[in-house]
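First subunit A sits with subunit B, and in the next complex the same chain sits with subunit C.
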Partner chain A sequence: MKHKTFFWFFLPTALAMLLFIALPLTSVVSQSFHAPHEEVLLVSEICDPFGCATESTIDHQATEQLKKDKPLGQWVGFEIYADRNHLAFKEVAEFWENRTSFTGFISSLNNLQFYRAMGFTLTYVIVVTPLVILFGLIIALAVNSLHRHLKGLMVFFSLLPMIVTPLVGSLILFWMIDARGIVGSGLQEIFSDPNLSLKASTGLTWVTLIVYGVWHSAPFAFIVFYAGLQTVPKETLESAMIDGASRFQQVMHVVVPHLSPLVAFVALIQLMDNFRVFEPIVGFSAEAHATSLSWIIWNDIGQEIRLFSSAATTSVLTIIGVVILLLPVLIRTWREFNPEK
Partner chain B sequence: MFLRKIATVVALTTLASSAWAGCGASDGRVSIVGNEFPAIQTVGAGAMECAGGGVTVEKNLTADHQKINVPGMQGNPAEFTTAIVANSSIVALMNNDVIRPLDDLVAKHGQGLQKSQLITVDGNIMGVAFMANAQHLVFRADILDQLGMAPPTTYEEMLVAAANIRASGLMENPVGGAYKAGWNLAEEFVNMYIGQGGEFFKPGSAEIAVNNQHGVDALHMMRALSNFMNPDFLTHDSNATSAEWKAGNVAIMNMWGSRVGPLKSDEVDPAVANNTDIAGPMTVGGGSTPASTLWWDGWTVSKNISDADAEATFMAMMHAIRPEMLNDETSPLAVWLIDGYQPTDAAKGVFAAAAMGTTPYPMLPYAGLMHSAAGKELVDFMQGKETASQALADLEAAYTTAAKEKGYL
Partner chain C sequence: MTSNQIKRPLGLQLLIYGFVLLWLIVAAFPFFWTMWGSFKVELDFFSKGDWTHAISGVRTQAVYGESFTGAGYEGAWIQEEFWRAFSNTAIVCFFTVLTSLTIATLGGYALSRSGFRYSFWLLIIALVFRALPPITLVSGYLPPFYAWNVWGLLPTTIIVLVAINQPFTLWMLHSFFQTIPKELDESAKVDGCTQFQAFRHVIIPVMWPGVITAGLFSFLLAYNDFAVTAVLLSQENQTMVPKIASFMGTTQTEGNVMFAVAAVVSSIIPLFLLVLFFQRQLVSGLTAGAVKG
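So, the complex of A and B:
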C-alpha cells in the first residue's frame, strides 16, 4: 500500500485512538501527579433541627483564586503513588524490617488495601484464565461433534452466560447461593452442614467469584475456538485417523496445535479482562472478602467525598499491571509476526 | 384490566398535573436527585405534581444518590436543580460549593416553613429539612413476651436477650443489623463509638483519634452482636436486613425509623407485621448517650442554574412538603418536621432518640473520609482476622492518607 493511501486509510482510526485512548490516558496520568489544594477551614455556626453547633466548614473564598489559577491542584509527584493507600513503600519497608517470618510479612501486607486487592486480583487471574481456556476448548469440541441440527441451539445456549450483563448475572447467582437460595440450601443439604454459607468465609467467597468468572468468560473462549475448529484441515485429521490416532490424540496433536494462535489471543484478552475484575465483587457484595484494583477506583470515587487523585493513581497502577501481565504474550506475538528478527 | 388501570393512572396523573401546574411558577426546570426510601419517594411524587405549564419536573431517586449528586450539580447549568440530602451528605455539596443560599427564596416563597426546618451556616440558609430520622430498637413483641423479657434498653441487655432467644430454639440468629462492609458497617461503628463516649477528631482539627479504649470497646460489642447474626452479615444492608425481618428470621435489631413502616405493611406476614414494635435507641457500656445518631433529611437548591429554575425548584419542593401532604398514608412514613404533623406510633423511636439526647451525625467536611475509611478497614476485625486496635490503627492510617490527599491535614 502506498504511504499516502495508508495515511488516509488509517487517519480515522488514529483520530479515534487519540481521542478515546491517548487523551484520557494523559488526563489520568497527570491527575495522579496532582492533589487538591490545601483547604482553608473556617469555624462556622451551623444550625439544624437539632440545634446550633460550631463546626468546621471549608472557606471557598480563601482558595478561589488559587483553584482558578491551578485547576489541577498542587503538583505532588509520586507522593500519592508512595502513600499508604497505594504502594505504601514506607509501611512495606517497616513490615519487612519487623518481620518474624515470611508468612507474617505477607499477612501484614494484608493490612494495606493495595496489596490486599492485588492478592485477590492475581489469584483470580491465575486461576480463571487457564480454566476459561480449558472449558472453552472442551465446550467447543463437544458442540462441534454434535449433529448439525442441534449445533445452532447449543451455540446459543452456551453463549448465554456471556450475553447476560455481568452485574445482573452475578446478582442472580448472589441470590441463588444465599443460605436460603436454591444453590445455597442445596449445598447445605449435600454437605449436611446447616451453617454452611458461601458468603461468610473469605475462602468460599473467592471460590464463588472464581466459579462465576469461569462461568461468565468460558463462552467467549468457546466461540473463538468453535470458529477455529471450522478451519481445522480435514485431510490432516483423516490421515491421523488412518494412522490409528485415538480421538484424544487427534485433539492433542492436530486440533490444539492448529488452534494455538487462538489460545494466545484468548489468553491475551482474558488476562486483561480478569485483571480488571470488578462487577462480580459488587454483584456478590464481596468487598469484605475480596477487592480488586478496579473496585478500589470505584470505591474512591463513589463515596461522599471523592478521591480523584487516588483513583487516578490506582488507574495508572492498573494499566502498568496489565502491561506487565501481557508482556510475555505480546513479546511472543511480536516474534511470530517478525520471524526474520 | 391492566390497560384500564394504566389508563386511569395516566388520566389521574394528567389531572393532578393540570391541577397543580407549575405550583405558582410560570416556567422553569426542576430536576431532583435523592435517596429512595418511602418518605423521600413521597416528597419526590409531591414535586412531580408541579409538572405542567412551562414547568418540567424530573426525579432520580436512588440509593446511589450520593455518587451522582455532586457530579450532577457541578456542571453549568447543573443537571440536578435540587438534591435531597441528609446531614452527612449536605457536607459534600458544601465542600464542592454547588448549592446556593436560599435566603431570598425563603423570604419570597417560604411562608409556612418553621424556623427549625432551616439549615443555616453562619446565618445563610443552605437547606430546608423536612424529616428527622434515627436508628433505634425494633423488636418482635411476641418473641420477647414468650420468654418473659422486656425490650432491651442497652446493648448488653440485647446480647442477653439474643442468647435467651437462641437458647430457647425460637431463632438461630435473632439479631439483625445492617453490617454490610462499607457505609453501613461504618455507620454502626459511628453509633457504637458515640455510645461509648468517644470523640472522632482532636478538638478543632481534622486529626483523627479513634484508636482508644472507646473504639476497642465499640468494636468488641459489634463483634459480640455479630455472633448472633446471620453469618452473611457483612453482605447485609438495610434492605437485606429488612428482608430478614419480614421473613421472620430476626427478633431484635437497630434500624432506621424510616424503615419501620414497610416492616408493618400489609404485604408482610401478619404474624411478623403485627408483632413488630419499636422503642428508643439503646445505650452501651454504661453510657447515657444513646449509641445512635440523629439525622435530618432536607433539600437544597443548585448554585449553577438560572434564577427562574431555582425559583421553580424552590416552589415545587415547597409544594412537596406543604402541610396538606400529611395524611393517614404519609404521616407514618417519617418523623416529619412539617407544620401540623401529628406524631404517629411509628415515630416514637425517633422521638425517644431525640428526647434521650442522641448526638446528631457530625457535619464536618472530613467526616465522610473517616466514614469511608472505617467501612473498609474494620472488616478484618469483624471477620476475626485481626485485633481491634490493629483495625483502628489501620482506620486511622487510611483516613490520614486520604485527608492529606484532600488537603485537610
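So, the complex of A and C:
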C-alpha cells in the first residue's frame, strides 16, 4: 500500500486517538505541574484614631484576569508530586528515620493515601492474576472432558460473570454477601458468629474484592485456554501415554507447554486490566478499607471543587506504573523486530 | 481426548463433575438469585431469618397479595426515570459502535496491508493506549469541555468512547484482516481498481464476520463503561451504569434498595441476550488475539 493511500485510510482513526487520547494525555501531564491560582490580595492600611491596621481583601478583578491569562494555573514543578497526597517524600523520610522495625515502617506508609492505594492495587494485581490463570486452566480442563452438549452450556454460563458490567456484577455479589443476604447470613451460620461481616474488616474486604476479581476474570482465561486445548496435538499426547506418563504428567508436560503462549497472553491482558481495578471498590462500597490508584483519581475529580492538579498527578503516576508493567512486553517486541541488535 | 475419556477412573470423573457443577453455581447462581429476588419486597430479598422467604416471597405476599411484585421495576423505571438512562445507553452504544467500526475498519485494513515499519509502531502505540486506564485521561477532558460548553452532552461522550475504543478495535480488526488473503485485493488492483475500490468491492463483502465480532466488543466497552460516562455526562443524560451508581447512594437512605436491584437486573437482560445470540462470535473474538500470539 502506498504511503498516501495509507494516510487517508488511517487518518480518521489517527485523528480520534490523537485528539482524544494523546492530547488529553499531554494536558494531564501539564496539569500535574500546575496548581490553581491563589486569590490576589489587596493589602491596604487603614488608620483610625486608635492606630493603624492592615486589611487584606480579595481583588476579584485581578484574580479573574490572572485566571484568564494563565488558565493552567501557576507553575509549581514537582511540588504536587512531592506533597502529602502523592509521593509524600517528606513524610516517608520521617517514617524511615523514626522506624522501629521494617514492618512498622510499611504500616506507617498506610497512613498516606497514595501508598495505601498502591498497596492494594499491587496486591490485587499480584494475587488475582495467577489465580485467574490457575482457575481458568482448571475450568478449561474440566469442561473439555465433558460431553459435547454440556460444553456449549458451560461456555454460555461461564461468559456471564465476565460480560456483565463490573459495577453491576460487584453490586450483585455485594447484596449477596450483605449480613442479611444469602451468602452473608450463610457464612454467619457456618462460623456460628452472628456478628460476622465481610464489610467490617480490612482483611475480609480485601479477600472479598479479590474473590470478585477472580470470579470476574476467570471466564476470560477459561475461554482462551479452552480454545487452546482444542489444538493440543493428539500424537504427542498419545506417545506420552504410551511412554507411561500419568494423567497429571500428561497435563504438566504436554498440555501446559502447549498453552504457554496463551498463558503469557492472558497474563498480559490481566496485568493491564487488574491494575486499573476501580468499579468493584465503588460497587462494594469498600473505600474505607481498600482504595486503588484509579479510585483516588476518581475521588479527586468527584470533589465539589474538582481537584484537577491532584487527579492529574495521580494519573501520571498511574501511567508510569502501566508503562513499567508493559515494559517487558515492549522490550520483547522491540527485540523481535530488531534481531540484529 | 475421546480415547482418554473411556479409561478415566470413576473418582476422577466424579471430581470433574463436582468441580464443573461448583463452577456453574458460582458463575450463574448470583444472577438468577438476584433476578428472582428483584420481584420481591426488600424484606424477602434480604431475609436474614429464613432464607427460604427469598424464594417463596412470604412477606411479598403479605404486602401485595401475590408472591411476585413489579414494584421495584415500577419505582426504578417510572418514578426514578430509569427509562431515560436506558434510552441514553441505547443512543450512546449505537453511535459509538457505528463510528468506531467505520473508522477502525479503514484503519485496521490499512495497517494489515501496509508492510512499512511505521505500521508496526502505530500498533505498539495503540497497545500502550489500550493499557491506559480511561480514568487517567478524564482530568484532561474536563477543562476544555467546560470551556467549550460541551460537557454533559451525549455526542461528547460518544466521541470520547469512540476514541477510547479505537486501540482495541484497531488491533482486533487488524488481526482479522490479516487472515483475509492479500491476493484478493491485489488481483482487484491488477484489474485496475484503486485501493479504495478494491476495499469496497472485494474486502467489504467478506469482512462481516470480523466486523460483527469487533462490534460486539466495542458495544460491551461502551455499555459497561463507568469511569468516563459518570464524569462526562450531566444528570439527565446519564447512561445506565452511572445511574445505577447514583441509585446506590439515594436508595440506601430512602430505604428503596429494590429500585436499585430492579435497575441492575434490567441492565443485565440485554447482556444476557447478547451472550445467548452471539456466543460463538464472543468466543472467537476473545481468542483471536491470543492465537496469533
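Keep in mind that, in the parts below, the second predicted complex is superposed on the first by the 284 of 341 C-alpha atoms of A that agree within 3 Å, B and C clash if a C-alpha of one lies under 4 Å from a C-alpha of the other, contacts with A are read in each partner's own complex, and residues count from 1 in each chain.
Methods note: a contact is a pair of C-beta atoms (placed from the backbone, for glycine too) under 8 Å apart; a residue touches a chain by one contact, two chains touch by 3 or more.
Not measured: the values here are computed from a predicted model.
Enquirer: Regarding the shared-chain residue A:Asp178, is it in contact with subunit B (first), subunit C (second), both, or neither?
Expert: both
Enquirer: Which partner, subunit B or subunit C, touches the larger number of subunit A residues?
Expert: Subunit A has more residues touched by C than by the other partner.
Enquirer: Identify the partner contact of A:Pro12: answer first if only subunit B is touched, second if only subunit C is, both if each is, neither if none is.
Expert: After superposing on A, A:Pro12 lies in contact with subunit C but is clear of subunit B.
Enquirer: Taking the superposition as given, does A:Ile331 touch the first partner, subunit B, the second, subunit C, both, or neither?
Expert: A:Ile331: touches no partner chain.
Enquirer: Have a look at where A:Ser197 lands relative to subunit B and subunit C in the superposition and call it first, second, both or neither.
Expert: The first partner, subunit B, only.
Enquirer: Is A:Ala93 touching anything from subunit B or subunit C once the two structures are fitted on A? First, second, both or neither.
Expert: A:Ala93 sits against neither subunit B nor subunit C.
Enquirer: Please indicate which partner A:Ile126 is in contact with in the superposed arrangement: first for subunit B, second for subunit C, both, or neither.
Expert: neither
Enquirer: When the two structures are overlaid on chain A, which partner does A:Arg84 contact: first (subunit B), second (subunit C), both, or neither?
Expert: first
Enquirer: So, A:His37: does it touch subunit B (first), subunit C (second), both, or neither?
Expert: Only subunit B; A:His37 stays clear of subunit C.
Enquirer: Return first, second, both or neither, reflecting whether A:Gln113 touches subunit B, subunit C, both chains, or no partner chain.
Expert: After superposing on A, A:Gln113 lies in contact with subunit B but is clear of subunit C.
Enquirer: Do subunit B and subunit C touch any of the same residues on subunit A, and if so, which?
Expert: Correct list for subunit A: 178-180, 285, 301-302, 306.
Enquirer: Quick one: which bits of subunit A touch subunit C in the complex? Just the residue numbers, please.
Expert: That would be residues 1-3, 5-6, 9-10, 12-14, 16-17, 19-21, 23-28, 31, 71, 138-139, 142-146, 150, 152, 154-161, 163-168, 171-173, 175-176, 178-182, 185-186, 215, 219-220, 223-224, 227-228, 234, 237-238, 241, 247, 261-262, 265-266, 272, 275-276, 278-279, 282, 285, 293-294, 297-298, 300-302, 306, 308, 311-312, 315-316, 318-319, 322-323, 325-326, 329-330, 333, 337 of subunit A.
Enquirer: State the interface residues of subunit B toward subunit A in the complex, per the touch definition above.
Expert: Answer in residue numbers: 64, 66-67, 70, 87-89, 91-92, 94-95, 97, 116-123, 129, 132, 180-183, 204, 206, 230-232, 234-235, 247, 294, 296, 337, 354, 360, 362-366, 368-369, 371-372, 376, 379-380, 382-383, 385-386, 390, 394, 397-398, 400-402, 404-408.
Enquirer: Inside the complex, what are the residues of subunit C that reach subunit A?
Expert: Residues of subunit C touching subunit A: 1, 3-5, 8, 12, 16, 19-20, 23-24, 26-28, 30-31, 33-34, 45-48, 51, 54, 102-104, 106-107, 109-111, 113-114, 116, 119-120, 122, 124, 126-144, 147, 159-160, 162-164, 166-167, 170, 194-196, 199, 220, 223-224, 226-227, 231, 241, 244-245, 248, 257, 260-261, 264, 267-268, 271-272, 274-276, 279, 282-283, 286-287, 289-291, 293.
Enquirer: Residue numbers of subunit A touching subunit B in their complex, please.
Expert: For subunit A paired with subunit B, touching residues are 35-39, 41, 43-50, 53, 55-58, 60, 80, 83-85, 91, 110-111, 113, 178-180, 195, 197, 199-200, 202, 284-289, 291, 299, 301-307, 309-310.
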